[in-house]
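In the two assemblies presented below, chain A is common to both, partnered first by chain B and then by chain C.
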Partner chain A sequence: MKSIETKYMEERERTLRGLAGLSRRDFLKVSTAAVGATALHGVFNPHSFQPVDVASAATVDPAGKVEPFRFAYISDSHLYSKDLNDRFVNGLMRAVDDVNALDPQPDFVFYGGDLAQLGQPQELELGAQILKNLKAPVRMMVGEHDWYLDLGEKWRSLFGDDRYTFEHKGVQFVTLNSVIEEDFWTERNLSPMERMKTVAGLDNHGQRPFTVGAEQRAWLAQQLEKVPSDKPLIVFSHSPLYKIYKNWNFWTDDAEEVQAILKRFANVVVIHGHTHQVLTNRIGNIHFHGLLSTAWPWPYAPQGLPPLTVQMGRPDPFNPNDGCGDGMVQVHADGLVDKVYALWNRNPVTVSRRYTLSGGKEDRPAAPLLASF
Partner chain B sequence: MTGRHARTALATVVLALGAVGCKPASQETAPPPPPAADASGKTEVVLCDNHTKVTVDTKANPTRDDGEQIAQQLMAQWKQKNPGVDWEADERRAHDLVPAADNAGLVGNPQGQTYGAITDRDVLLWKSQVETFALAGSRVFHSADELGSTIAVSCDMCHPDGANTHPETYPKFQVQLGRTVLLRDMINWCIEHPVRGPRLADDDPKMRALEAYIYAQRKGVPLDYGRR
Partner chain C sequence: MAFALLLAGLAIAASSTPARAQEAATHGALAMDQQIARLEALGITTTATDPPAGVVGAIWQASIPADNAMTPERIALGRKLYFDARLSADGTVACATCHDVSRGFTDQRPVSEGIAGKLGRRNAPTTLNAMLLTSQFWDGRAADLEAQAKLPIVNPVEMGMPDGDAVVKVVVADPEYVAMFQQAYGRAPSYDDIGRAIATFERTLVFLDAPFDRFMAGDVNALSGEAQRGMALYNGKARCVTCHPLNAANPIGSDNRFHNIGVSARHQDFGSLAKQALTALAADSSEEQLDRLALETDMSELGRFMVTKRRDDIGSFKTPQVRNLTISAPYMHDGSMQTLWDVMDHYNRGGEANLFLDGGIEPLALTDTEIDEVVTFMVALTDVRFAKEGETAMAAQRTLAATKRPFKDEALAMRRVLPFESKSAAAGQEVRP
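Then we have the complex of A and B:
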């Protein structure tokens, strides 16, 4: 009598061995075989280990200006110093290993913000040190946990500007600092650490909502001024750039104004951190995707969840890494993306370009076995 | 719990300050002797803690306003020496608490109480008392220090506003533990594992407060014990 774990590991081993050096046609065969093998165990568990076709084939758009490529992401590691908390450090190191194991390597690695938990120099330095182990180049974004101890001073000294643009293989990229809060600390005479801790509490109402801010919106408009409307655009933002739930700052207060700037572009993708979960939305031409955290998953907000989101499974509190992970973004010829959530210890979830483009009608990701309460 | 000590002390102070501000009923027939004045014409008023004091100009006939001013000065001093006494207001400012039932519909009902009809004051007291209890839980829930975490992790880091704690599903057979558990068993599991702190006794004031907060935040959800 073998335990479930042993059976699972054997099944996984078999599948992985079978996967080595497969063509796409053979891949489908193995896929079917694995389902058959699972069925042989007597219990068919749709969430057992099966090969999943992870964004292997990029669509070819003859009119496309983009040479399809992929980049990896890591986000929301919330590092304390190493001697205080090894748990979150291990999370980030695991993600770095995951990304380094990708073959071929992604074009670059995007870091989605909240590298530190309390914005302290030793936390940010530790993060920078771990991220140096990545083989691919890294693009950094700032999160509120990185920012509110010294208002970005240390972060900028390590990683440079908190907002910038770049061009990659025909796609225009913009990285924003979307965690700007109105000053709530001066009036209450808070110390930098008190301010940091107030912002660090997701359900702490002593703070103000996130914004991009008028000044940065003007900067954004100016940066995009000369970019033609048919050029694919990918925007990185720590906050979602739309409004989900204000109490947890799953929210950008001037989201509509930012969206208005992005409106004239044919295809826009917004990749955002902060929410630590599988999260999908589409507002007109803008396709939104969340990022997983390497530290902990957040519950889904009680209100405002976009209908397009297929929730990830309820994380198991007995597995310290469940609901966490990293992932990949496959950019297609039209600039739209397949977003891969590489959940640790679970099957990866792919939210495809086809899914968001069809408004959820096609290629729907599998529903979770255990939904949130 | 420190909060409880703080509250006791505060109650004593309020009583003491009441005595400063207005004449106690028992002394109405015989006015108190005038406070001892030194040569400089100053009077020293000492708080019931025997430490906190203010020095004021001696007056033959102090008014109620004079008394209140003294009380405020003493209170301000005492609060400075006892940071955290406003923990309840601080907690309310920082974190949402689902309000407790207010029972206003029972006011005037003669059936409910030992002494006559239920009053507005009764209803207010019940609400504020139970909310204080839940707020004490909120404070522990949101504090890695109160929880004794060795890795600076607190409950709210995975459960903002108490989300995803689903207290209505307990008791339940916790598959991962292989036994039936109560909410407090899962609280302790979380404290020992993700939080990495010392487990709490079932009747530990912190455990009782945590339970109060978690149940409070789930108000209105039907009980469904055993739900996976």
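Then we have the complex of A and C:
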């Protein structure tokens, strides 16, 4: 079987061979279409380099309960074994180098799920091995690509529980497993790999939607029971805890029930993987931020895009890193965050606390378009 | 003190022993009168009114500023200025010193030598076909040839004049110039018009008659089988064409964009340099300051970032043209690659991994034969009028490459080792929540 790239190269070679036979006049006709495609861009953007200036970025809030801090994130690496796909392996390594170069180092690095592509032990082990190179401590979250071969057995043996809470500098953190699907495989007698590949597909109606599930919702409510409502809360979930587009599982089916549990808190931030793009939403007290992938960017879904999202624009098809990246989260004194999308080969995009807090009226981030394309 | 004495010594030598002074003064360039003779022998057909062969009329028109239309008088004036070393502080450096007719309209050195033997940080790009680039300098800090021409004259390590007024004074002292400026621009000499005239002359330096062009025009024998295979690789597996498009809209093979391919990542820490640069530019962000930082400090390695201050431009340099490569070695912004094989080895291994590396730069898995084929194709992009010079230069490159391939790395090229794998730090923390 030929890869898409090989087929493309062959097609291209045929075209070029054809072109070589053209007369100069015809050749010019063919290529004059490209006239004007080049343009000089003099974008002046004076303060964009500093990744995050901790001293000036931290809001001073006398009533604040949080000592401002930042953490970094890496997400959605979708590792195959190296001999099947080395780009994704290289991508995760690039992210590790990128995060290790942060000065000062973040308090911890959050991994947003989908470390593996098909949940295979060698994929997860490879990922764990690469992540060991991070200088800062790592907090792991599970994604559906990590889970559905063995229902989390290998992942848990490497990284521990798939749901947990912790406290850091005055913020209550909760990590969820939001990719629980109702059993669709037993009845159809699917093998573990068939089950995994069904979940890994988009537009595949053979699977069920993601949920947090009644059992985990009860666990969540219990964990938060004693947490005062004015304590800042940050929730990690692999799928967005709201509904964008069901066919791609950009969706959590019991999102409303989970949101109801979070409703009594003054400030909640939900940070999710899975969507591989710049994605911003706010529902009442809950501020939602997506994560970039280190493997590939998804296009925006055909429906359900939250209006607060400043779209990231078309990736350069020549550049397999374009639209990918990692990033940082600056936590402010009130527990709300500036979310930094560190897009490789583009300028970083910061979706600020002020932007989501004002409902998009203030501090709108610049659209991360390519300078010239 | 010793330096001042040396300078004084040179000045005396210039008046007393002409032969020795000539050698010291020309910085390796051919004497100006001989360069002019060589230029005439090249048979440039560009006129003030018609686009040169190989350039589409619309593009020709678009690359000439409205306030500097081509006229024979302006071409003649620019030519005189281009070869005039009096435009430099010590009278030893002209445009043609580093953009030498006999050396591919560059200086064929890693970095250029200015007055008193001062060295800059960047490789002199050729002035051949430079009019077809949409920005000038490796970092694109000048929008056109007019703006470009004015900066080296007043740069302390190039031609070293204190300012534009001082240059105008030199010109005004020559009655022939005063008359020529009157004819060309209808006014007294000014520094802006000096830039305009030089730019106009440079717009005549179009050399696009290579075996490749003849092949594309239908002469199937113009390219050897090896060169044709090289062309297929150029457009395919070797991925050259994406940044070096060769077509009617862009006949010189530059996308006019800026890319980090990691050339200087081998010896620079981009992060701390970028912080230094922001401090330096916050203090003074003038065109001249930028020009000096780019030519005299390590910040030169930041490339386009110095102009835009955008993080994604760190270590990025303008895609150079691929025309007349055989006579414009060494290669890259710092002249750090001596042969076209070095260039191919660099790309074949996926550039040099760094946090700002352009993601389109990937290991290519080219075999030695394939690399030879791409090189053969690149040789066929040299204008036939430079064929002899090119052959001599390529013979030397071939000899060098036979013993020295410093950038060659099979393991990286064949993806046995990944670009960022070679960079990763030692194992750190336990991966547990």
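To be clear about the criterion, the second predicted complex is superposed on the first by the 311 of 373 C-alpha atoms of A that agree within 3 Å, B and C clash if a C-alpha of one lies under 4 Å from a C-alpha of the other, contacts with A are read in each partner's own complex, and residues count from 1 in each chain.
Note that contacts are C-beta pairs under 8 Å (C-beta built on N, C-alpha and C of every residue); 3 or more make two chains touch, one makes a residue touch a chain.
These numbers come from a predicted model, not from an experiment.
Asker: Which partner chains sit in contact with A:L202 here, chain B, chain C, both or neither? Use first/second/both/neither.
Answerer: In the superposed model, A:L202 contacts chain B only, not chain C.
Asker: Of the two partner chains, chain B (first) and chain C (second), which one does A:K132 touch, if any: first, second, both, or neither?
Answerer: second
Asker: If we overlay the two complexes on their shared chain A, which of chain B and chain C does A:T165 touch? Say first, second, both or neither.
Answerer: Neither partner.
Asker: Could you figure out whether chain B or chain C reaches more residues of chain A?
Answerer: C
Asker: What is the contact status of A:D86 with respect to chain B (first) and chain C (second): first, second, both, or neither?
Answerer: both
Asker: Quick check for you: in the superposed arrangement, does A:Q223 touch first (chain B), second (chain C), both or neither?
Answerer: So A:Q223 meets neither chain B nor chain C here.
Asker: Using the superposition on chain A described above, determine whether A:F318 touches chain B (first), chain C (second), both, or neither.
Answerer: Both partners, chain B and chain C.
Asker: In the overlaid three-chain picture, which partner chain does A:N345 touch, first (chain B) or second (chain C), both, or neither?
Answerer: In the superposition, A:N345 contacts chain C only.
Asker: Answer with first, second, both or neither: which of chain B and chain C does A:W296 touch in the superposed model?
Answerer: first
Asker: Shared contact residues on chain A, chain B side and chain C side combined as an intersection?
Answerer: Common interface on chain A, chain B vs chain C: 86-87, 316, 318, 320, 372.
Asker: Per the contact definition, I'd like the list of chain B residues that touch chain A in the complex.
Answerer: That would be residues 93-96, 142, 151-153, 156-161, 163-164, 166, 169, 176, 186, 189-190, 193-194, 196, 228 of chain B.
Asker: Which chain A residues qualify as touching chain C in the complex?
Answerer: 9, 12-13, 16-17, 20, 22-24, 27-28, 31-40, 42-50, 82, 86-87, 89-90, 93-94, 96-98, 100-101, 103, 128, 130-140, 158-161, 164, 166, 175, 316, 318-322, 324, 343-348, 371-372
Asker: Applying the document's contact rule, which stretches of chain C touch chain A when the two form their complex?
Answerer: 56, 58-59, 134-135, 140, 143, 215-218, 220, 228, 231-232, 235-237, 239, 242, 245, 247-250, 255-257, 271, 274-275, 278, 305, 307-312, 314, 353, 355-356, 358-360, 362, 415, 418-421, 423-433
Asker: Can you list the residues on chain A that touch chain B in the complex?
Answerer: Residues of chain A touching chain B: 80, 84-87, 117, 198, 201-206, 247-248, 296-299, 302, 314, 316-318, 320, 370, 372-373.
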